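Presented sequentially are two complexes of subunit A, the first with subunit B as partner and the second with subunit C.
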Partner chain A sequence: MKKHYGLVYTTPLTVWITLFFVAPILIIVLYSFLQKGLYGGVEWRFSLDAYRALINPVFGKVTLDTLAIALVSTVLTILIALPCGLYMARSRHKNLLLILIVIPFWTNFLIRVYSWIAILGNNGLINEFLRGLHLTESYVPFLYNQWAVTIVLVYTYLPYAILPLYSTIEKFDFSLLEAARDLGASHMESLVKILLPNIKAGIVTSILFSFIPIFGNYAVPLLVGGKDNVMLGQIIADQITKTRNWPLASSISMVITVVTTLGLAMLMLIQKRQADAQREEASRAAEFARNGA
Partner chain B sequence: MKRLVALSLFVALACTLGITGCAKKTGDSTLYVYNWTYYIPDDVVKQFEKESGIKVVYDVYASNEEMYAKIKAGGTGYDLVVPSGDYVSIMIAQGMLEKLDKSKIPNFANIDPTILPRINFDKGNEYSVPYFMAAAGVSVNKTLVKSYDKSWNIFSRTDLKNKMTMLDDMREVMGDALKTLGYSVNTHDQAQIDKAKDLVLKWKENIVKFDAESFAKGFANGEFSVVQGYAENVFLEYDPAKRGEVDFFIPKEGGPMYMDSMCILKGAKHQDAAYKFMNYIHRPDVYAKIADFLMLPSVNFKARDVEKVKPNYTIDDMKNCEFKEDLGTYLDMYNKAWQEIRVGK
Partner chain C sequence: MLRIIAGFENPDAGAVSIDDIDILPLPPNRRHANTVFQNYALFPHLTVFENVAFSMRLKRASRKDVQLKVSDYLHLVELDGQADKMPSQLSGGQKQRVAIARALINEPSVLLLDEPLSALDAKLRQHMLIELDSIHDKIGITFIYVTHDQQEALSVSDRIAVMDKGNVLQVGTPYEIYESPADIFVANFIGETNLFQASVKAVEGELVDLEVPELGDIRVTTTCPVSVGATVNFTIRPEKIRISRAQPTLASEYNILQGTVEEPIYTGFQTKYFVRIDGTTTMKIFKQHINYTDEGPDIHWKDSVYVWWHAEDGYIVEDRPQ
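Right, the complex of A and B next:
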C-alpha cells in the first residue's frame, strides 16, 4: 500500500508556523480589542479604545513619516543592490564576493550602528577629513536627522536585498542579452527590457526583505535619528514599556501588519496581471502562427 | 486563549512550587534576591553569605516593568525585591508585599531621618526599607561651555543649539519642566501639564535629540556639550583621567528623583533571611562599600563617615527634588503631552 508521506512532511512546518507566526499574530489581534490594564497587561473586556486612539493625528503623522522613510530607503537599497547582484553573478570571484556580503553579519547589528555614529559624528571620521581639507571649520551635522536614519537603514538591509537578487540573476541566461544587442538594442535597453523583467521575482523578494523590516524598525531611528524622527516601532515600544498601554501597542502593530500585507497583495496582484497578460499575448501569438501557417 | 493562559499559569505555579519545595528542605539557609543590574558589588553579597551562612541566589532586572511583570505573572520564588517608589505603591495596592516587622531591622535607625518624611509612596515605611535614592541631573563639559547657570534653563540657551540632549523619558523631562515652573512632578492639573509641555517644546528647539541610550557615549567623545541624565551613565563612559572636565549638577529648581527600596514579597518563604539581609545592608561599613561602588549619595547617615569615595552629588543637592509617584489613571495626561512633544500635533 502506498504510504501518505505528505502529512509527515507538512506537519513540522504547520506546527512551527502556527506556534511562532499565527498564534502570536492572533494574540496581538486579540489584545488590540481588549481594555488596557492600569499597570500594563490587559483587562478581559472587549473594547475598541485602542482603535479609537489611533484616530489621533499623532499616529497618522508617524505612520506617514515611517512610510516615507521606508519607501525612500527601500528604493535606494534596491538601486544599490541591483548593480551589486549583477556584478557578483557575472564575476569570476563569486564565492569570495558572497563571503564579503556575509562578513558584516559576524558583527553585532548594534555595534555596526554605533560605528556609523563614529563615522558620521561631529567629531567623526568624515568630519575629521573635511576639517583636514579645510572644507569646514567646525563640522557638518550628518547625524540625528532622517538622512542618517535612511543611510544606516540602507546599509543594514542591503545584504538582504543583494542575496535574492544575486541568486536570481545567477540563473539568468545572459545569451539573451547578446541576442538583444544583435537585434539592435543598446546596452542599457537590453538590461532594462530583457534582464529586469526576467529577474522580477528576485526584485520583489528584495523589496519585501528590505521594506518589511525597515517599516517596523526600532533601533536605527532610536540611535541615529533626531528629535523629530520617530518611527512606528518606537511608538510601539513606548506603549509597552512606558505608557503601559498594551492594546494600543497591539493596534499599532496591526497597522504595520495591514500596511505590509496590503503592499504584498498589491505586488502579487500586479505580478498576476502581468503574467496573465503575457500568457494571453503568447496564446494570441500562437494562434496567429497557426493561422499564418 | 483562556485555556492557554490557565495552562501557562499552571506551569508557572508548578515551577514556583518546585522552587519553594526544595527550599523548604534547606530552611532559611537560602535567600532569593531580585535586584537591579549592577546595583550591589559582588563581594558585599559574598561577605553576607560568609557571615550568615545563608546562600544568596541573586537575579537581576533592568526595569521596574520587567520585575513587576515577572512577579505578577506568578511569583517565581523570590523573597526580596528592590522596586522604585512608584512601583512600591503599586505593589502595596496590589497586595504583593509583606508588612515589615522593623524590630528585626535595628539598622533601620541608621537611615537619614530627614529623608523618611519625604516618602509618600509608603508613608511610615511599613513595607519598604530605603536602599538608594538618586536623581537625573545635568552634565556639562566645562572645556566646551565656559559659563553657565546651574538651572534647567540651560536648555533654553540658543548658543548651545544642537549640542545638548535630554532623556527620552517622559516623567524625567516633564518633571524638570514642572519643577522649573514651580509645580509638583506628580501634578494632576491639566493646565500645569500644558504649561510644562510648552516649556519642553522650547527646550526641544535647542536640543539635538531625546536620548536615553547613547547620550553618555556622545558626551564622552565631545559630540554633546550638555546632557541631561544619570551621573553613573555619564561617568561610566567618560575617561576617568579627564573627569575634572565634567560638572555634574542637580539643577537648583530640583526635579524628579527616585528611591529604590528593599521589600519582602507576600508569602516569601525565607523572610528571616530577608530581614537579616536588609539589616546587613544598612550596617554602616557594608552600606559605605555599596555607596563607594555606585558613587551615589548615601541614605545611611552613619555610612557617610566611613565612605572612601566622594559621591557624584549629595542628598543636600536633591533638597528641591521630589519623589516620582505612581500617576495611576493620570498617566494618560502625561502620555498625551509627551506624544505632542515627541511627534508634534
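Right, the complex of A and C next:
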C-alpha cells in the first residue's frame, strides 16, 4: 500500500517536467535532424544539413565570441558576487540587503536594459557627465560593443550569483578562519584554503546560474551589442523568425547544450579529482604509519 | 583573554610576551601560540590527516616530513587509524584530539585551550582531562587552559589565575587557591564553602576570637594581621567539619556547634549534610565515608547533631579591595 503513495506524490511533478522540459528538448533534438521546411517548420525527412551548416568559419567565430563573452561575464559576475555574498552573510542587516538584491526582479527586464542604454548611451548619463567636465567634446561610444554586452550581462545575472553564494556563506563557520590564522595562515591563505573549499557548492551553483543563461542570451546582445559581435542566441532567434530554418536553430541549440554540459562535466570531474587526491594522501599516510616508524 | 594571546583581539592596555618577545604587534599567524578552540573548529572539508597537516602544508614542508610528523602526532593523541576519516565521522572526544594534535604539530611555545572539554559528557571529560595532562607531561610546553569548571582547573593546573570581570583576583597553585583564597569571590568560586561575616573580638598571636552573628563565638587561626573590632569574612570548607549525634569532648581550639540536619544527601563516597545551626543559618558539611562502619548513613533528616572543627581549619578572607 505504502509504495503507491510515493508514485502519487511524484506524479504531478513528473508530468509537468516531462511535458514542459523533456518533451521540448526531445523535439529540439528531433528537429535538428530533419530537413527545413520551405516557409519555416520542418520536412519529416532525416537530414544532417543542419549540422553540416555549422561547419563554417562564421559560425565558429560566433561560437568562440559567445563563449568568450560568457566566460568573461561569468568570471566578473562571480568576482563581484563573492565579496557581496561574504559581506551580506556577516552583516547585521541581512534581510535588508537581501531585499535590495531582489528588488531589481520587480522591474521588467527590458526596462532595466533600457535604463542601461540611458546610462551608457551617446547622450546618456556618463557621456553628459564627461562632456560637462570637458573630458570629451562629442561622446565616448560605450554602447553597441562587447563591453556593453558584458556589463549588462554581469548586471543582469549578478543577483542569481549572489543568492546561492550568500546562502552557502551564511552557513559557513567563520571561526574556522580564525583557526586557520591561528595555525599560521595569512589572511589570504585562510580565505583560499578554508573559505573557498567550504563554499564550493555555492560557487558552482553561482557559476551555473550565471553561465548557462549568459551563454544562451539573446536580448542583451540584441539591445546593447554591436553588429560585429553577435551571440549564438541571436542567431537562433534569426533562424526561427527571419531565415525560417528551424533545423539549423535546433542544431545551434544543441551546440549550446553540449558546450554547457561539457563545462559542467569538467567542473564535476575537477571536484572529484580533488576529493580523490585528498583521500589517497590520507590513506597513504595511514599505511605509512602502519608500516613505517 | 585567550583571544588576546592568540591575536584575535587587542587589549586596551598591557603587554603580552612569549619567551620575552612582545607579541602584540604580530598577527595571529606569526605568534608561537596555537589554540584548541571550544568548538574544535576542525576544517570540515579536510580529512583528519589534512587537518593536522594544515600548518605544515602552509610552511610547504616536504611530503615525507608531513607524513612522518602527522602520524607522530596522531599517535600522540591515539588516533592512529583515523587519518583518512572526515571530521564529521568522528566522535566528540576524537574531534577534540584532532584539534589538540593540529595545534601541537606547530610546536608552539604556548598551547591555548579554550574550555576544551565543555562540549563533552562527564565521563569523557574525566578521561580527556587525564589524557591532556599526560600529553602535557610528554610535550612539556606551557598550556593555558581556560575553564569555568573549578574541578577541572584544580586537577590539571600547576598555577591557577582566578579571574572575574576581566580582573585577575589571585594567582597561585591549586593548593593555595583552595586553602588560602585571596577574597570572597575566590573562596566561593573554587570549591564549596561556608562563608560568614564576623567581627574580631580578641587577638592572641595567631589565634583570633571572632563573633559571628549566626554562629556565636568562633575560634580561628590566621597569619594575616587583624585588629580587634574589625569586620572580616570567615570561611570554613564543608569537608573540614565533623558531624556526629553524640557530643564530642574536645580541646578549646575546637569550635563546637549544635544543629538539626535539614537535608542529608548520600552520594556514595561521601554524604553532604545541610545542618541548621540554632535555627538561624545553614552550614554545608561533607562527611567522607572512610570506613564501612562510618556513622554517616545513620544520621537522618531532623536528627539533632553536633558539628565541630579545629580552629586551624577555619580561614579569614579579606574583602575584595574596591
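To be clear about the criterion, the second predicted complex is superposed on the first by the 272 of 293 C-alpha atoms of A that agree within 3 Å, B and C clash if a C-alpha of one lies under 4 Å from a C-alpha of the other, contacts with A are read in each partner's own complex, and residues count from 1 in each chain.
Basically, a residue touches a chain if its C-beta (ideal position, glycine included) is under 8 Å from a C-beta of that chain, and two chains touch if they have at least 3 such contacts.
If you're wondering where the values come from, they're calculated on a predicted model, not measured in any experiment.
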Which of subunit B and subunit C A:Ser175 touches, first, second, both or neither: second
Partner chain in contact with A:Pro104 - subunit B first, subunit C second, else both or neither: neither
Contacts of A:Lys242 with subunit B and subunit C, given as first, second, both or neither: first
First, second, both or neither for A:Pro83, with subunit B first and subunit C second: neither
Which of subunit B and subunit C A:Leu183 touches, first, second, both or neither: second
Contacts of A:Pro24 with subunit B and subunit C, given as first, second, both or neither: neither
Interface residues, subunit C side, partner subunit A - complex: 6-8, 27-30, 33-35, 37, 39, 41-50, 54-55, 58-59, 66-68, 70-72, 74-75, 80-81, 83-84, 102-103, 106
Touch list for subunit B against partner subunit A, complex: 1, 63, 65, 68-69, 72, 90, 94, 162, 168-170, 204, 207-210, 213-214, 217-218, 221-223, 328-329, 331-332, 335, 339-340, 342-345
Residues of subunit A defined as touching subunit C within the complex: 173, 175-176, 178-187, 189, 193-194, 197-198, 200, 278-279, 281-286, 288-289, 292-293
Subunit B-facing residues of subunit A, complex: 27, 30, 38-41, 56-58, 61-62, 114, 117, 121-123, 141, 144, 222-223, 225-228, 230, 235, 241-245
